[in-house]
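Chain naming follows the written order as A, B, C, D and E, and within any one chain the residues start at number 1.
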Amino acid sequence: MSEIHAQTAQYVRDTMLPPKPPPENDSGVVKWLRSNLFSGPVNTILTILGILIVWLLVNHFWGWFTHSVWNAGSLSECRQLIVERWGEGSTGACWAVIRERWMQFTFGFYPSELYWRPTMAFGLLFVALAPVLFSESRKIRRIVLVTAAVLTLGAMLLLGAPAVWLIFAAAVFAAAIVAAEQRPSLLLIFSLLFPFLGVWWLWGGSLWGPIMALMGLVLGWAAFMLLGRLSPMLAGIGMLLVPLLWWVYLAGAAAQDAERLISLSIPAVASDRFGGFLLSITIGLSGIALSLPLGIVLALARRSDMFLVKTMSVMFIEFIRGVPLIALLFVASLLLNYFLPPGTNFDIILRVIIMVTVFAAAYMAEVIRGGLAALPRGQYEAADALGLDYWKAQRLIILPQALKISIPGIVSTFIGMFKDTTLVTFVGLYDPLKSMSDAVRASTDWKGIYWEPYIFVGVIFFIICFGMSRYSMYLERRLQRDHR
Amino acid sequence: MQVSDEVAISISNMNKWYGTFHVLRDINLTVHRGERIVIAGPSGSGKSTLIRCINRLEEHQAGQIVVDGIELTSDIKNIDKVRSEVGMVFQHFNLFPHLTVLENCTLAPIWVRKVPKKKAEATAMHFLEKVKIPEQANKYPGQLSGGQQQRVAIARSLCMQPRIMLFDEPTSALDPEMIKEVLDTMIELAEEGMTMLCVTHEMGFAQAVANRVIFMDQGQIVEQNNPHDFFNNPQSDRTKLFLSQILGH
Amino acid sequence: MADTAIPAKEPFRLSMLIYDRRYRSLTFQVIVFILVMAFGWWLVSNTVRNLEVLGKDFKFDFLSQRAGYDIPQPPIPYTADDTHLRAAVVGVLNTLIITVLGCVAATVLGVIVGVARLSNNWLFARLMTVYVEAFRNVPLLLWILVVFSVFREILPPPNAFRGEDPAASMILFDNVALTNRYTAIPTLGMTNDPGSLDLGWRVTISWAAIAFIVVLIGGWLVHKAIVKWAQATQDQTGQRPTTWWMSLIVMVLPSLLLIWYFGLHMIPPELKGFNFTGGLNISNALVALWLALTLYTAAFIAEIVRAGILAISKGQSEAAFALGISPRRTMNLVILPQALRVIVPPLISQYLNLMKNSSLAIAVGFMELKGTLGGTTLNQTGRELESILLMMGIYLILSLIISSGMNLFNARVKLKER
Amino acid sequence: DTLADVKARGELNCGVNTGLVGFAAPDANGNWTGFDIDVCKAVAAAVLGDPSKVKYVPTTGQTRFTALASGEVDVLARNSTWTFSRDTDLKLDFAGVNYYDGQGFMVSKDLGVTSAKELDGATVCIQTGTTTELNLADYFKANNMTYTPVNIDSNAEGEQQYMAGACDAYTTDASGLAATRAAFADPENHIILPEIISKEPLGPAVRHGDNNWGDIVRWTLYALIAAEEYGVTSKNIEELSKSSQNPEVQRLLGTSDDLGAMIGLDAEWAKRAILASGNYGEIFAANIGEQTPIGLARGLNAQWTQGGLMYAMPFR
Amino acid sequence: MQVSDEVAISISNMNKWYGTFHVLRDINLTVHRGERIVIAGPSGSGKSTLIRCINRLEEHQAGQIVVDGIELTSDIKNIDKVRSEVGMVFQHFNLFPHLTVLENCTLAPIWVRKVPKKKAEATAMHFLEKVKIPEQANKYPGQLSGGQQQRVAIARSLCMQPRIMLFDEPTSALDPEMIKEVLDTMIELAEEGMTMLCVTHEMGFAQAVANRVIFMDQGQIVEQNNPHDFFNNPQSDRTKLFLSQILGH
């Protein structure tokens, strides 16, 4: 046995081998079928089981679906038509009810001549969201904005929107599309204004109300800036107190006076006219928008090293997460009046939004806490080392990154909340699923109709939620790629 | 450090594809018992894939691999036999984080070799001493430094008393200070006559212990030679280019 | 080298409350605490004033009044003559029953579906995906209604079992009847009835049941001992003896003996009058709610399980394979113990959700806590403040119990890090 | 002071059912119609002079009394039964009865049941959140019978349940039974059993303590009932207010004696209330009478002169 | 490279504990303006901790640290003042990934020093030119190589125009090719007379620019000397051992 063995003799390849295609039995349809459906007995059984399930489902519902009636004035007419067409004893779906009432499922009891207003608000929402949700890619932003513009303007035209507003919406979209290309940061201004404009478009009335509400924020900011020179502590207190005082004592009167001077009113629509998906979306969106700041505060408090602050935040979050939303809704409808000064009485939708906000904030806090925890410590340290104080570090460095990481979680929270808005039926609001269906059934024409409204509402929910969940998955993947 | 005539691994005309991508092309390689082979080559050249084919972590599609007289086919029994004869150490250690160091080392002997626990633990302690970390036996992998973890990974493989050891870039995830301690362990192992296949870029190590250096590129064995000639007198242009990059740095 | 003069230690000044790190956080906390307390006090004082204005009081004595309404299938004896308190307890028990049943079933189904989604059977994985997405993206309320209606529309009413040539027939040797109201199953009768133990509060438990429980627990302990012995043998010799048949005997045989001793037999349900009697009728409200909650929650659990398994890096299984450990053992010894750590925390929060979601039972008339205390009782007595606060308190306590279970688990399995 | 509040607001907040055919339901445009709705309209007409100045607040069985107590609604016109404990303990005041109802049972014909006494062992579907649950429990207990309750939250689910045979009997107020039966594809196959197991006087309620407001609602209701008694309809009211010689009618319509002033309203309050949707009989006929799909007979709700219980206190 | 008499940092009898673990023990150190000090020592010896105490990223529990005449106490005003006088560069750069390079550099001047944006940007460009990457100003950190990122981090610190710079292993997370570009930047800085404290294992750098090398072990300053003597004539045994490991590898 030698140190250097025969086989270790030198070897040099003089010509490189080109790549070859893989052997035949390793590709093709048969191979796919074999490896994906029938590899082994267990898999074959599963495949057969799957086919069986699909066949059963289709078999059961096919007849009912194919016997669909789209044109009828009432359930009895539907039944008659089905019997006429498909013979005695056959059953079928009566989609005529959807055809007749789908506007009601969508807009509730919103005045039909004003349907264009929520439509516009919803369309412009995409402009407001563009910098937040679609900031990643120019192409996607372009697609979203253009699609939203076309659909919204088309819908507004069909719903008979006044020319002024059509032009306005078109102008906003055009400006947004241009801004998205040139200076995306301009879009943020619209995002900031949108909550106030949205409220105005939905509820109508005087524009001065939202303007004065916005004023409160401006005043808070001014107070912060002014007092900030004196002491950060005072600034913080001023930032909270000044807007609060303004809103409680002055804003209402100021809005009225201003309205008297220059009238900026559109027809008002009372909350009790909200229903259907309009109600769900309104509650869901306001819940998310309002719960975001509250959630941020709670998350920061929960991560704080101050014992009392942390404890209170934990207690609040755990309390809210420990009770069902339905209980909180009952609090909104039954108990909130006990907790507020005698004689205060405000809109049930507003009360529900408050409770939904509080509910969502607890979940949001957990989502954002996750985002905060995902940031490397180095970011905090670098901010410290540069001399930024706590709030500046949070605002400039930590939160922008943490919120971005949290967007998928926020979207999931929103999906959950959007689905949960169906529970408002238990406090007498017209959610699309139960109350609205029941309201439709309460008309003599459609009394007794059962499956069709449920299926319709379910499908719409599915489309919206599925779309959003896919979107959040897409975001998640993107973020994973970015954050390597 | 003697090499026997006995063949430990023999690979002939082996080909492998990932989908339609031809990763390994016509590989022919015979490894004798007691040989220490270092495999080098640019990233993506198929070094890891080759090594992983030897204990069937990847399947090859054409050609033959015979390990210790057992041909690797889809027969599960053969695969199990081969795997318990061949130890493998990964780049990222892949220790089991939920088990202590000792449990990591005794898991396979107990469940695969059916060794009594006491005996398995004694063996494990023996190998832990060999890699110089007997005092860490009851810690969890997460509590050790990278170099210590890699040494545990080596000990874990040794506990199965394999006749062949495969190393896939065992030091490339380590800090410079820790590389040395792992290499020392491997050198010691080599001196005991273990058959070793090692993918590494540590040329010092290659020169010190390898019988043979194999250079791979584009899924092919481009050059093989004894370390001295390989480094001082490379034949192929590719090898020269590669060496200039590695050593010039 | 001129050393800089080192400033002397400062005495406490008022400004340090704001500028000194040590005091500042204290100051801040005190301010926040005072604000929160003030807010709380404001709420309470408003409530007191409102109660005064409405001429109401805040007392829980309504709980001792006669409830006056019936609850179908109460888990403990209950009639309309009982108090609201007892009705509330029935509600809590029903909530617990549905929660436990739901959690168990949802976990089983969720794990199966989660693994199935990773299966390499294309069709089956796709089907599971459809199922998961359908349930995750449609409100639970709709699913509850749908499942309930499916039961109602597909199964025959009890009177379909009547007559010479009935439209429907019982299954499992005429022991079980699936109707659109309930599933009628046999009850157990005893020829040698040992009587019952009175637990007080009109709750009784049969001695026979106690005997079975004792025997089962005993059997389980023996099984544990057998496993321990097997482990010891393995540690000694390396070979693990086959023990499953011993465990089976220990678990089953004593029970069989008891069955023989008590003369246990089944009393099948019988159609009498409008309904099946004699057996046990498990109402469809319970089953449908259970099924809907299970299907809904399992869809979420499936995602958690899938993510958990995917989170364990491929390297772990490869390392195990390279050591020659078989795929099944790899699952048991390496993958599952690690995946569990990832899976359990979100799993528990799904349990919490399930418990909270069970309050939707009012949609199908299953009388759990929200249906009794937060529903009919509230409605009949008009004590919304008391009822709802009490109800929230109970939910909160249940949640805390579940989540403290989670914290315990987390603390136990936490991976040791440097 | 509710009257002042309502006047200042210029709108009456009226608590109604979320959707009960014939009594209160919104149509596709959110316009409310129904028997209870017309009471709200009459009150609004009397107080504000305009029957359309009503904000309808849909309430569920659970939220209705709180909505009233907390001041969210000024009057609750939501088929609520007048009971002792509601009047006292819940601090409501019932302003009168606009519909004398009673709880009954509906069963399928092929069940072969003709009397509620034969329902021993039956499964009964109930709508929760009303007095029906209590009545049902009492009735079966009193008759020494057993039953299985199926407590369903909403009417639609309850009906569906009953139609599929998941309950033997459906129980709710007789008016509701009639409405439900009317909507069936096969109404002829279902019968409403003769037994009425409870008294269900339904009427508008107001908050306890504001007697003046209670008076207004009460006498608005009486005005509607009295109008029918005296033959005052929305058609002939203008004419009668000029020409009627009946002093009672004159007082009612405010042409002699200013009764309105006594309750803080103007003289023509009752006239406007009647004009809003007609007198009691007209309202009944338009919403739930025999000509409507619901097809309820007047029965107990006929005028006392016709052998019914509708009896307006004298306007004097 | 002149050293003035003025004291920049004076640390006396400083002690620090993490929980009950005594990380820094009786540290005494005086740094004069213009001095360039390299701190070396085995892993875990407390080098990072010492440096982080100087700008109060960590709190010390006993003894005194006076930076630029300001004692570090819990008074936040002092801390803020010190931090804007002292720049720090981290091992992992810690750039803000959501801001462009230019924004990274102008953030602190604008928000802490209240410099007008235009001026801050001019300053930033000046320092980016100094570290030789002005053309990257509008890219995001994620788009740069490690060496470029570290140079941005240096520029970012310089933008606050600190009188003292702290470096914590600024090159140890970099690939060998990139180490040089960062060291060059640091050498240039040193030549301009910046007071620098630098934890590093780059002994070439230490010999080239340091006035003094401090060797730490187990939380204590074991030896300090000028670089020449430190490397060629170490006094303590520990230093000798350490140097043999570092240089021998």
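Things to note:
Here, contacts are C-beta pairs under 8 Å (C-beta built on N, C-alpha and C of every residue); 3 or more make two chains touch, one makes a residue touch a chain.
Since the model is a prediction, treat every value here as computed from it, not as a measurement.
Relative to the whole-protein C-alpha centroid, the nearest chain centroid is that of A. The greatest centre-to-centre distance from chain E, using averaged C-alpha positions, is reached by D. A separation of 43 Å divides the Cα centre of chain C from that of chain D.
Look at where the CA atoms of chain A average out and do the same for chain D: the two points lie 41 Å apart. Rounded to a whole number, the gap between the C-alpha centres of chain C and chain E is 56 angstrom. Work out the mean CA point of chain A and of chain B, and you get 52 Å between them. Of all residues in chain A, those that touch two or more other chains are 330, 334, 337-338, 426, 434, 450. Taken residue by residue, chain D touches two or more other chains at 62, 66, 154, 160, whereas all remaining positions touch fewer. Shown for chain C are the residues that touch two or more other chains, namely 145, 149, 362-363, 384. Note for the complex: chain E touches chain A at residues 55, 57, 76, 80, 83-84, 86-88, 90, 92-98, 107-108, 111-112, 142, 156-157, 160. Listing the residues of chain A that touch chain D in their complex gives 75-76, 79, 100-101, 103-104, 108-112, 270, 272-273, 275, 330, 333-334, 337-338, 343, 345, 348, 426-430, 434-435, 437-439, 441-444, 447-448, 450.
Residues of chain C that touch chain A in their complex: 18, 25, 27-30, 32-33, 36, 43, 46-47, 49-51, 53, 116, 119-124, 127, 133-134, 136-142, 145-146, 149, 352, 356-357, 359-360, 362-363, 370, 374, 384-385, 388-389, 391-392, 395-396, 398-400, 403. Contact residues on chain E toward chain C in their complex (touch as defined above): 5-7, 10, 12, 30, 32, 64, 66, 69, 71, 73-77, 79. Put simply, chain D touches chain C in their complex at residues 61-62, 65-66, 69, 85-86, 89-91, 111, 119-123, 128-130, 133-134, 136-138, 141, 147-154, 157, 160-161, 164-168, 208-209.
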